[in-house]
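See the structures that follow.
One chain, chain A, appears in both complexes that follow, with chain B as partner in the first and chain C in the second.
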Partner chain A sequence: MAAPIDWQLATVTAVRDETPSVRSLTLALPAWAGHRPGQHVDLRLTAEDGYSVERSYSIASEPERNGEIDITVERIPDGEVSPFLHEIVAPGDRLEVRGPIGGYFVWESTLDGPLFLVGGGSGVVPLMAMLRHRARSGSGATGRAVARLLFSCRGPDEAIYRTELDALAAADPDLEVAYTFTRVQPPGWTGYARRVDRAMLAEVLEPLGAEARTYICGPTALVEVAANALVGLGLAPDRVRTERFGPSGT
Partner chain B sequence: MTERFVTRGFVGRRSAAGSGDLSGRIPPGQYLTTDFPVLSAGPTPRTPLERWSLSIDGLVASPVSWSWEEFRALPARDWTVDISCVTKWTKLDMHWRGVSVDTLLEHVDLDPAAAFVVAWSDGGYTTNLPLGDVLNGQAFVAFDYDGRPLTPEHGGPARLVVPGRYFWKSAKWIRGLRIQREDEPGFWESLGYHNRGDQWREERYDGD
Partner chain C sequence: MDVDDPAAERMLDGNAVAGTLSAVFGGDVTLTPGCCAHCGAVNMVGAMRAWVGGPGSVLRCPACDGVVLRVVTTPRGTLVDVRGATYLRFERG
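Let's look at the complex of A and B:
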């Protein structure tokens, strides 16, 4: 049995609005041994009378930052925790956190081969940790892994991290970010404007080849479509790692 | 329990936990959901029913294997159980139909040294359980959910269901039970999750 993953008291050091309904919080952690991109943390909130709730949030930041992490939280209108994190929490507040948690949906720059990321909505958060890590981890002898992100969102205003993603791609010839805006497109938009489908995946995957290490995170419907299509396109199932949220719709 | 840190400004909704008759059914750290979330580590496997089988092997006098028709001919019953996922959701009164693991084990002679079971699935997933956690009506292999055939994303055609443990122990796409003398950590149990996974003890992660 390993040592327990203890709760620790993190201090909120910054908050940043990413989109109208998505906010990032920077948490300074007194005892943080580092994480791997793709892992998550648990948060525990406790009321005066002892009532408490826990939730899991993906880590958005790269492990190269010492002693602090970012989490990115989508505000669920009828949620119990996310409205609190959006409206009440301010820099200086303290939150109980433990982690890092999860060991399968992780990517590190030491892994060779092309990297293919498919994200839907706030499912981009753990993928952002991978891209930030990739950008910070130096080029090395063999160069950075060639990487592509296919990011599905309703519209450009809801594309979390869009400015930063575009800057990362502009600075790196081996990274491309393809958006698909499923409901609202900016004027003159020539990119994808539909839900992720097999043809779209085939186009974005094409330069990477069937050996790409693939990570898909988003709503269940997107993950199901993307994972099934990519296996159909010849990716080995064990190269396709998924993380899902939301109901199945059944 | 150690004294809890109080989060500034947090009140909480406690609509579920506070409503008396439900409070005893929600394990610590869990919240109620009415959805049926889907969580899996990789693509959803799809094995045609004509190639599907369910087997019991390992420490048994002679292994047994059922085709889909044979499995569906076994005595089944309805189960109404509460399910808790380590990702924090709890769903009450889930209606399944399936075959008790007790019924399956009636078809084999267990070696006296048999103590653990590894459930294995299409796609390579595994999870481990002490035999004592799956006997006496504690576990079943489900093929219907809510009156309908179990869909692939929820583990169809058949999944193990072990309501007394976090839901990762309820292996989707189950194809076999391997009976063992020694415990052998499964997929998530090897990736930092708790070996037993009792939601009432909040055994989420290794070391809890």
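Let's look at the complex of A and C:
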């Protein structure tokens, strides 16, 4: 067990819009001990009257970057924290951050076996940290894990990181990204166009086999369906790691 | 998850309270195995079911749904109710 994790002050150094409702923030952290892909941070906002509120956000960036992390935040219209992060925060602002947190939902390139990622909406964020880390960890015969991402979103405009994901997959024969667009499909779309189900999971998982290490992150209902289906398909329960973020995130 | 239960939508993983628990236990406990006092199942804290919407957080056993841990932070400190856990095993090293 590691040492206790203290709060520290992070400085916002960049903001970037990923989709109309999703924004990434780069946080500079002078006392950052480094993280592992899949971990999250707690962020604390405190009002002048002392009222404070905490939220957890997955780290989107790979640990190979030193002294800074990216978090990616979906704007929840009636939320207490995400509208502030979207509308008020600007480069130069400081935020209280505690982390990195959680050793359970973690994948590192030193782990053996194929990698199967299933993400729904902004649930793709910790999976992106894993894929960015994987991309930095050598290639081909030097042993990059064969990997597949199944990414469920309402439509192509809401597919966070889509340009980067497609570029990663195009440059890497051992990585494939499959999208399912559940509500809006682009013209001529031949891919999946329904909610994640057992048949879809079986198809995408098939080339990886039952030894795949699996990480599922998204709304609770998606995680529940996917985890149960994958265990039913023969994956060992302790190789199926889940991270639920409730009905719509925070 | 019982899909007919609207509350089931709010269920999270033990990972979701990892920050609070790390402050209580002095480090990350998501990989720490805990034994459910109700049914005897042993699961890592990160694999337990977390309910975080109330005044505190509740961790339930993924096997039997029994309450394993409850954590409430008040102005005077943090209360941890461990009646539902037979043990937590902190690995050496």
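The rule is simple: the second predicted complex is superposed on the first by the 240 of 250 C-alpha atoms of A that agree within 3 Å, B and C clash if a C-alpha of one lies under 4 Å from a C-alpha of the other, contacts with A are read in each partner's own complex, and residues count from 1 in each chain.
Here, contacts are C-beta pairs under 8 Å (C-beta built on N, C-alpha and C of every residue); 3 or more make two chains touch, one makes a residue touch a chain.
Please read these numbers as outputs of a predicted model, since none were measured by experiment.
In this superposed model built on chain A, chain B and chain C take up the same space, so to speak, and clash. When both complexes are overlaid on chain A, the residue A:Thr13 reaches neither chain B nor chain C. Once chain A of one complex is fitted onto chain A of the other, the partner contacts of A:Leu45 are limited to chain B, with no touch recorded for chain C. In the superposition on chain A, contact of A:Arg244 is made with both chain B and chain C. When the two structures are aligned on the shared chain, A:Val231 is found in touch with chain B, with no touch to chain C. When the shared chain is aligned, chain B and chain C each come close enough to touch A:Ile101.
Only one of the stretches 3-11, 57-65 or 183-191 in chain B has C-alpha atoms clashing with chain C after the fit on chain A, and that stretch is 183-191.
With the contact threshold set out at the top, residues 1-5, 42, 54, 56, 101-105, 220, 224, 241-247 of chain A are in contact with chain B in one structure and with chain C in the other. Residues 1, 3, 8-16, 18-19, 22-23, 25-32, 44-47, 90-91 of chain C are the ones touching chain A in the complex.
Those residues of chain A that touch chain C in the complex are listed here as 1-5, 40, 42, 54, 56, 98-99, 101-105, 220-221, 224, 241-247. If you check the complex, the residues on chain A that touch chain B are 1-5, 9, 42, 44-48, 50-56, 80, 84, 88-89, 93-96, 101-105, 220, 223-224, 227-228, 230-231, 237-238, 240-248, 250. For chain B in complex with chain A, the residues that touch the partner chain are 4-14, 17, 29-31, 35-45, 87-88, 123-124, 151, 153-154, 187-188, 191-192, 195, 204-208.
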